[in-house]
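Each of the next two complexes has chain A plus one other chain: chain B in the first, chain C in the second.
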Partner chain A sequence: MERKVAIVSHVQTKHSSDIGMPRERMLFNLVKELHNKVGITRHDVDSYVLCSNDFEAGRTISTVFEDTPVGAYMKDETKVEMDGIMALIYATMRILSGQFDTALVVANSLGGSQFRPFLIMEYQLDPTFDRQVGLINELNAGAFQARSYMDKYGLDEWFLDAISARLLRNGAINPYALRSKDDATPEYVASSEYYYEPLRKLHCYPFSDGACAVLLACGEKAKELCEKPVWIKGFSNSLETCRLGERELYTSPSTKQAAEKAYKAAGISDPANEIDVAEISAKFAHQEPIICESLGLFPEGSAEDVAKNDLAEITGKMPISPSGGGICTYVFSAAGLINVAQCCQQLTGEAGDAQVPNAKIALAHGQDGFCAQHNSVVILSSEEG
Partner chain B sequence: MAFQMGEETRTFPITWDVSANKYKIESRGLRILTEGMKDKKIRGIRCHECDTVYIPGPFYCRKCHIEIDEVVEVKDTGTVMSFAVDMADIRGNPLPEKRISAMIKLDDCDAWFIGTVENMDWKDAKVGMRVKSIWVDEPQGKFSDIDHFEPI
Partner chain C sequence: MVNQSEVEFVETIVPMDFNYNIRAGKPIEDYLRGMAQKKIMGSKCTKCGKVVIPPRNVCGVACGKMEMVEVDQTGTLQNYTIGHVKITKGLMEPVEEPVVLGMIQLDGTNSLLVSEIRGVDPKQVKKGLRVKAVWKESPEGKFDDLAYFELAS
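== the complex of A and B ==
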């Protein structure tokens, strides 16, 4: 990478089950807030990469009504349909190409109030087989995945309760989180109803309205625009087959592969010791250990040990999702980008009560598809290096 | 940020009718599977490069990225690889009774089949348990010809 790319600024909504306004208003307000924060207008942005979902928006090329609210009138604009972290990767590449000096990435969903994400997921299934069989939805597929991990490592449900409890407590110190409980315990989580056993309500993501915008710039421009740029040191993504029945669900080989490439680019050889904080897109409690283990942050099958020894707490050896992660908020299309924004807060020392002391290197993860079929990894640093 | 309920926010119920979608597939693997089911046989396609057996058989191996066409019969018995205890159907409507939905690795096959496991208490379900297909009396060449699975 000759050219360097950094994050200048980021904003996100107070996520909600019903944000109470149309998408256009939500995005307009959000981008205006970012403009004011940085001290720019839309004329200072060269390129736009947007991310939202056609099904959820109820119209094809969902971003056509989002372009002008974010200021992209008569600008270079493109769209990503997967997770917002892919939009960030795409925007990074556009700047690396030398064609653009700045790029605004915006991802959003009204999955809380407009259209249920479970339905979107149902329509991701192969219409000729999986959908015809009529037995799979995102929740029981999640339950298959949880059971697969539990069986592989001989664990009972306690670790699921412990993970959700930790995340709900973290959510209580994240002003943007939708769901939280400052005194959540594993027993509290275990008292929530079963959806598809072994998954209970509080092991699953809440339907969320929300949006996130991240402004990227090439190195020189980023230093002009802000005092503390957050540097993008490495990124990658990888995917597995679309058929659940052809995958080992207790592990995430695509996460592993994406991580290896991102680590190589970032010069990381010992991720568990070099990474100070990670924000993980886990839509269900069990996905957090599966993804973290494939990232090399914890040993395989260690979910129970990690929880018992508080290793993933904000004060722990390897803090995972100080934001509260997917159990507190999962904005479809925006979740991975929100993770990037949360990592930036950590690296610029603006994470408030959730601050991991001296965080210098952060990992943001994003996913898409049934049981995290597609995984993306971005390595961020407070140091240009 | 001033994120308050906008006075001028209105909600319009809209529908999105995609029933006219003419979805095209290369149907050989599905045809081989469903035709076999009329005779209570389950057939997939094997990759001649890596030996992976798929059901329904695709026209290419997803891993080797080559065309494949070797038809193989797989058994209608198998092993439960994972399962969920469903309290609701796929649209979230409560079920009258709890139901075990399972991913089943049929013998001689690498792809897992999804089905329900009946005739057992859900509390006794285990990963690794052996199951057999229970066919309908008069198979029609449909996925529903396997009515459910039962423990062996």
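== the complex of A and C ==
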């Protein structure tokens, strides 16, 4: 019989622009907190999937000094160098294989204090052309993407301000968020300075230090370890071309493809009605509607309607990123895993003021690359089904 | 236990400044040889007929073999942004005069080329403007020989 995989527990740091301690200390504290929360020791974990990046850590094999603080030494341990949600998918597959009953996923980076995120992103460009020409950076590529969406659907910049304002307000009720403002309005966002038009400072992600750990287990083990396991019902990922000039930037075919596969596995046929809450990795305000529309959560080109009718609010018809999303915190390597943790809080009823009533099915999204080139989707449920 | 957040750290700067000599492959070499002669080289798929820049050996869409073709130096502005900042080695700083960056579809091509647009009021920039390539006076077979684009009269 096919195995089932569930999330037993999760922890994250209070994200910050400078967490004020070495990575190793941050990870030790984090995993210790998880051990105490679940009541286990490192010997109860079969397999470790660590997620960090050599460029971000500034040394080859970025995980080499992470093994010890997370308790992975002399254990089965492997590494993912992409978004943290890919590490979760990898760990899920390791449990599905039958070889392991439990797996701990730990993702981290210090993008606020240790490295320059825009420079790291430059190293994701094609080395023999785009990097040589030297004109593209993450911000102007994001601006092109925003403009592409606005031109396609005839929108002005207001929807960008409205999305950021909603997320900043959500961030104010998320104790882990880095940036927030409880009374943020579109006018407040529009008063921040332009970087690359149409993108303003508050349409862009803040540089963040942080980490997240998620403990997975096979079905029987998960029920032993916790009262409310969160079940992984489906997952997939897809990647687009690296050529910015050959993509339709107003949409996200890779998100669409990943979602179709994840929905099929989870038995979801009408995502907009069946999914109760979604945590979307949007590094820029305009990426939220592009990704949500490709996920089938909203009709194409509806960003302005969604904002005007408060559809994506926590109390709305389709709550998007109650945590505040990428506008409040974007921890490289950990962002997607943090989204998974936020979804788990929603499904176990622990989301506090951000709680979506009766949330049973959640969607966590993660991205990588320029203009969300690589997209991953995980469907989570509070019901074993 | 010592509260780590109260400890004053001495930060160490760890530079990683490597240079690699990568063989870019014949299509990019041909593109650079074209630059030296003030020509823009792309590649055309022998299966689907699409023309793309930068040139490459195999078409990513139709998987057909691609052949080198010279492309038109006039095109249409399809996307643009006005830069109020610049990013150098990952550090952002404001610029004195806004810079217009465009994604240009050169006539007869199926891809967009990113380049700076000069000689146009940022407030007047819009999709659909016709632009043409401006070259450095003495091209050397380098990427920046194609200096910028200006409005085509």
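Just so it is clear, the second predicted complex is superposed on the first by the 384 of 385 C-alpha atoms of A that agree within 3 Å, B and C clash if a C-alpha of one lies under 4 Å from a C-alpha of the other, contacts with A are read in each partner's own complex, and residues count from 1 in each chain.
Everything that follows uses one rule, which is that contacts are C-beta pairs under 8 Å (C-beta built on N, C-alpha and C of every residue); 3 or more make two chains touch, one makes a residue touch a chain.
Source: prediction; values computed, not measured.
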Fit-or-clash call for chain B and chain C when the two complexes are aligned on chain A: clash
Touching partner for A:E33 - first (chain B), second (chain C), both, neither: first
Which of chain B and chain C A:G385 touches, first, second, both or neither: neither
Which superposed partner A:I120 touches (first chain B, second chain C, both, neither): second
First (chain B), second (chain C), both or neither touched by A:R243: both
Chain B versus chain C as contact partner of A:K14, first or second or both or neither: first
A:P175 touches, of chain B and chain C: first, second, both or neither? neither
Chain B and chain C contact sites that coincide on chain A, given as residue numbers: 20-22, 25, 58, 118, 122, 127-130, 132-137, 139-140, 143-144, 147-148, 151, 194-199, 241, 243-246, 249
Residues of chain A touching chain C in the complex: 20-22, 25, 58-59, 115-120, 122, 126-130, 132-137, 139-140, 143-144, 147-148, 151, 193-199, 241, 243-246, 249
Complex interface listing, chain B residues touching chain A: 1-6, 9, 14, 16, 23, 25, 30, 54, 56, 62, 81-88, 90-92, 98, 101, 103, 110-116, 122, 127-128, 143
Touch list for chain C against partner chain A, complex: 4-5, 7, 9, 14, 16, 20, 22, 24-25, 28, 52-54, 60, 79-85, 87, 89-92, 101, 103, 110-116, 127, 143-144
Chain B contact footprint on chain A (complex, rising order): 11, 13-14, 16, 19-22, 25-26, 29-30, 33, 55, 58, 118, 122, 127-130, 132-137, 139-140, 143-145, 147-148, 151, 194-199, 241, 243-246, 249
